[in-house]
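Okay, got some structures for you below.
Two complexes are shown next, each including subunit A; its partner changes from subunit B in the first to subunit C in the second.
What follows is the complex of A and B.
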């Protein structure tokens, strides 16, 4: 069976989820050379309402272009977390923006305050999506850090390169911290499974 | 060193339609923005001026359709793009393009309807509007891509068919395919067939603008090239002037049909996926064709003999390929994001014992492979 990896990036309109999807798809498809398909669903509102972008990657041609069972779910607000965590596979990864997501339905999740990092450390809340992209690059093996940086640089407006590069880095660092914090928890789970 | 002309790009369906149109030689676009077709206008407003083409944002879709007919009569390959509500407004002038035999391409990115309906959600509910939206007995060519690559290729084919048969060609794309991004490689040096309308070779005073030919398609002179002729929406004689003589009306209407119907084989595009030994065949088009392929794959993994037939040509209806699977399969499933516009056609041509089942989804979301699998289990 061929390899297929399904990603959903979800939150509310205005959080930059569709741009995130495009950058991620470009990094995986153009810079890392895999098959990729990116779709989206959003309401008629420019801001607010729910919004999601989906990215499917594979080593062969992709038939069904939308995400099915999720290997990775990013939830940038509580509603999207509640709506979609049921679609995660058993070994799927849940990443939440802990600025807005207080109730995490499953134990095994990475809680990173993307929006707070963007607002406080980078002084621009709008780069929260790029911070999250940095975290995804660190927490998964689906995209190389080099590819994600190249894709971000190719898509962001001129003059914002440094800000966005910093945002990516901040995301990667935050992800490393989250990874360390979650190790004991994951280990204990593994012990439980054995006994 | 030779310049590298092959590019790998992550493109939206709408963007691939633009690339295909430019490649086919489109040099005139008139339109009015509407979700989910806006990206086509947006991109062409940048790209057309770069190739000495013309982009006009019109006051509405009625005028847009009129403008592309005028541009085409003057010799430019022309296109417009819209969604259901705008497509409704284009119907009157679409009929004019049919009767005056003006080549042009109309993209309808389907969203939920009726009326303004669901601007950002997909549907496949304009299948019959594309066929019969404009009044009067007429043939029409309607094509339907299901991947970004097909958006590119089919747009080129649409322009070729428009030019070859002197007819409007409609590209029906759904919101999923219009907005979906996939990787495609475009090679500017690739040898792609581009067809340009046949122009008269006789001197202007000998030119008979609507004269019958073996192909049924008269030679077409550009306005401004010195060939004076009359263009009208009234039923006309071979010189283009209105006629009320039955012996002129009948051959004219029949020629309009004949020029399309004698070329069915050339117009029909689609794909058989594992249909040879299939007991169950799914017939689908647009984004749902992708769900169908996936469902067939998943079903085969479970030991069920399932295949899929993808229709890239919607009208004229792909009767021969459909009849083929009707003969070899016991069960046919037609999933559509409408209440059954193509399934009725499948039932119409079914002269076998094959049972035709439908899946009709009208909630603004795509039909999933699971939903098709569930239907397979239910009916087999």
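What follows is the complex of A and C.
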């Protein structure tokens, strides 16, 4: 069976999720050279202000580009976390923007305050999505840091390159911290399982 | 059976096709309130510089978001026209950017010089995609002019609103001319069929 990896990026309209999806897809498809599809769907409820973008990658051509069981869910607000965590696979990764997500329904999750980092460290809240991309590049193996940087640079407005490069790095650093913090938790889970 | 309408927007990377797809999908999904999915797919050939974005609309939830038989194909360069015209339905609509597409493989096609209009009338070649959106709004009934304008205004950079509104209008005007020019052709076809 061929390899397939399903990602959903979710949150509020205005958090830049569609641009995130495009950048992530272009990083994987153009710069890393894998097969990838990127989809957004709207229904009559789309006026409600929720937003999601999906990215599916594979080692062969993708016939069905809608995300199914999720390998990775990014939830940038509480509603999207509540709505979608059930779609995660058992070993799927949940990453939440802890600026807005207070209640995380599963234990194994990475809590990173993307929006607070963007607001306080970078002075531009709107790059929270790029901070999150940096974290995804660090917490998963689906995209190389080099590819994500090239894809970000190709899509962001001229004159904002430094800001966005800094945002990517801030996301990568925050992800490394979150990863270290999660090691004791993972270990204690293993102990629990053993007993 | 439920209504479904499949659109492919195609051309070169850098012609703004993905932004077009997003704007068209948001116009239909958010502002007109129908179901719509918007997808771009990349394979290892993505470095080649071709680009396509697909939009599928329906009156019910869309299970399969990849475009199948096309109701509408926009070809912004010769290669995409050559590669994709075979995917058109018999009664599908072909719209080409006649700035770059010289050879149109089927008779019933709308030839509009989107890039030349953008370059000469609007002094900004990069709005050729918005000119094309204006033409699509005029040549089809899939999106209302009001919705497409709202969606364009929500997505384009601040400070470029007037330019983009002018681009939309230029596209609508050019489409009306192309439509009038095609009437004799359509009539002669009908006469041919009758005889």
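Here is the rule we go by: the second predicted complex is superposed on the first by the 187 of 195 C-alpha atoms of A that agree within 3 Å, B and C clash if a C-alpha of one lies under 4 Å from a C-alpha of the other, contacts with A are read in each partner's own complex, and residues count from 1 in each chain.
Criterion: a residue touches a chain if its C-beta (ideal position, glycine included) is under 8 Å from a C-beta of that chain, and two chains touch if they have at least 3 such contacts.
Fair warning: this is a prediction, and the values are worked out from it, not measured in the lab.
Enquirer: Tell me which partner A:91 touches in the superposition: subunit B (first), subunit C (second), both or neither.
Expert: After superposition on chain A, A:91 lies in contact with neither partner.
Enquirer: Mind working out whether A:44 is in touch with subunit B, subunit C, both or neither, as first, second, both or neither?
Expert: A:44 contacts both subunit B and subunit C.
Enquirer: I'd like to know which partner A:36 touches here: subunit B for first, subunit C for second, both or neither.
Expert: The answer is both, since A:36 touches subunit B and subunit C.
Enquirer: For A:68, decide between first (touching subunit B), second (touching subunit C), both and neither.
Expert: A:68 contacts subunit B only, not subunit C.
Enquirer: Once chain A of both complexes is superposed, is A:157 in touch with subunit B (first), subunit C (second), both, or neither?
Expert: second
Enquirer: Could you list which residues of subunit A make contact with subunit B in one structure and with subunit C in the other?
Expert: 22, 25-26, 29-30, 35-44, 62-66
Enquirer: Hey, which residues of subunit C end up touching subunit A in the complex?
Expert: Touch list, subunit C to subunit A: 18, 22, 25-26, 28-30, 33-44, 46-47, 61-66, 157.
Enquirer: Within their complex, state which residues of subunit B touch subunit A.
Expert: Listed in rising order, the residues of subunit B that touch subunit A are 8-10, 35, 119-121, 176, 179-183, 287, 290-291, 293-294, 297, 301, 366, 368-370.
Enquirer: State the interface residues of subunit A toward subunit B in the complex, per the touch definition above.
Expert: Residues 1, 21-22, 25-26, 29-30, 35-44, 62-66, 68.
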